[in-house]
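Below you'll find the structure I mean.
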Amino acid sequence: MTAPAVTVDEVNTFFASDLPFCAEMGISCVYIAPGVATVRFDYDERWTRPGGMVCGPTLMTLADAAVYVAIFTRIGIVPLAVTNELKMNFLRPAIGRDVLATATLHKIGRRVAYASVDLTEDHDPDRLVAQATSSYMLPDGFAD
Amino acid sequence: MTAPAVTVDEVNTFFASDLPFCAEMGISCVYIAPGVATVRFDYDERWTRPGGMVCGPTLMTLADAAVYVAIFTRIGIVPLAVTNELKMNFLRPAIGRDVLATATLHKIGRRVAYASVDLTEDHDPDRLVAQATSSYMLPDGFAD
Amino acid sequence: MTAPAVTVDEVNTFFASDLPFCAEMGISCVYIAPGVATVRFDYDERWTRPGGMVCGPTLMTLADAAVYVAIFTRIGIVPLAVTNELKMNFLRPAIGRDVLATATLHKIGRRVAYASVDLTEDHDPDRLVAQATSSYMLPDGFAD
Amino acid sequence: MTAPAVTVDEVNTFFASDLPFCAEMGISCVYIAPGVATVRFDYDERWTRPGGMVCGPTLMTLADAAVYVAIFTRIGIVPLAVTNELKMNFLRPAIGRDVLATATLHKIGRRVAYASVDLTEDHDPDRLVAQATSSYMLPDGFAD
């Protein structure tokens, strides 16, 4: 297995320059491996519902960012990779805690990439908060 | 057809008190009818990708809020209705413009509600930017 | 608006030659217009659950066939167009009746097509049985 | 961990009595464990597209059956558990081979169950053909 095509630092530098909502929402990359990426949401009451429940859109944002980075681990930073579709199932509330989203890339073709994402509270990796699946369209010129 | 069970003002008051991320992201309710709700994202560069493209998570947030309100139009404001799952397909970029999401409720049962959502730029209702479908779980005690 | 790129007869001839499961399951094309296609499931107890409820997989098969044909109405019969993903929400049972699936194409790009599908019992077009959304990958060489 | 609430034989007897399309399509249960179920499609040209590619609807049928059985492993055979929604992403063709679908239950609540499903060719468990996620509604009276 070769090394990932990006580093965590390169991803966070890209987030800062190109994805301003990541800073707004407290989203950063914390781990990468080939075909795998973990991003974290730093708990902040602005992105919750009453009771401190992290709101669904925050979880979807986190999942989408994780898939984006998982693609980068294979082909480098490709800003023009775009989400084709994303579906999330919400399983249990995440309350008052940082949340991790770990995307695993199952396919990266010439035109389309596909990943699934597990979301958990930072302190309890066994309690699944939500799960997402997503396909991305890649810009022209990538090889299967 | 009876009147909707809430008003636009009541929804926006609820957003202000219970969903702080709506104010953060510039999301407000602009129209309701029985089983139908439209929410608007006021364009703001913080929620974009390079080139002024409104980012996918903003569109998912908007769609989720629209479904929530479409449910309210039938059974009143029910904070504990929760998203079971949401899928969005991204069709065309929304660039530099306000975006509208209109949810249409196709089912509201005793336990589950289902809606589809059309997202368009505010100035061009015929150009579909994205489409979502979503099921919500309702708290106990609602009648079919 | 130009004429559709295929006729109902051409589609059913293609189904007979290339998609043997359509004959097995009693699925045929009954209507096309540009960007729109309706396929029908002829009720048959083999494809039901107890009580005569048409089973979910039959509805998914029907929806997938409808999207395929909706694409054909724009670019002709393209056997190598393949389903990228399909999601269906099941809303109400279809019991003891023929079922119609009508796909509406919302995007046909160079690489990806997207449609939504409404499923109803044949005798009651206002009662939605299920709804699907699906993206297809197109073979190389189609223009946006 | 307790034993599964059903046996493979009980599931296949139920398939034979209640789900006639399983016999039509060559679908049977081959493995269960608590929260996990594998069902198999016996390759048959009737359920293919040209070139021997197992058709998408067959894969969706298989995934739906696997989720149904995964629920049974926890609460016994519950015919009235119904699919709320199912999404499948198609990743690679399955050609001329038996296909396995393995569902893993991630949540079984009082009202809703959720599982993800991996589909592979029988001879190559590492090559993912498709992946599905699905939520089911449970009949009244099940405890969290």
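Going by the order they are written in, the chains are A, B, C and D; count residues from 1 in each one.
The rule is simple: contacts are C-beta pairs under 8 Å (C-beta built on N, C-alpha and C of every residue); 3 or more make two chains touch, one makes a residue touch a chain.
What you are looking at is a predicted structure, and each value in this text was computed from that prediction instead of being measured.
A.B. asks: Which chain lies the greatest distance away from chain C when centres are computed from Cα atoms alone?
C.D. replies: A
A.B. asks: When A-D is set beside C-D, which has more C-beta pairs in contact?
C.D. replies: C-D
A.B. asks: When the centre of a chain is set as the mean of its C-alpha atoms, what distance in Å lies between chain C and chain D?
C.D. replies: Distance between chain centres, rounded to whole Å: 23 Å.
A.B. asks: Whole-Å distance, chain A centre to chain D centre, using C-alpha means?
C.D. replies: 28
A.B. asks: Among all residues of chain C, which ones touch two or more of the remaining chains?
C.D. replies: Chain C, residues with two or more chain partners: 84-85, 87, 89, 135.
A.B. asks: Contact residues on chain C for chain D in the complex?
C.D. replies: Residues of chain C touching chain D: 18-21, 24, 45-50, 55-58, 60-61, 64-65, 79, 82-90.
A.B. asks: Quick check: in the complex, which residue numbers of chain B touch chain D?
C.D. replies: Contact set of chain B toward chain D: 84-85, 87, 111-112, 135, 137.
A.B. asks: Across the complex, what residues on chain D touch chain A?
C.D. replies: Residues 87, 89, 91-92, 106-107, 114, 116, 128, 131, 133, 135 of chain D touch chain A in their complex.
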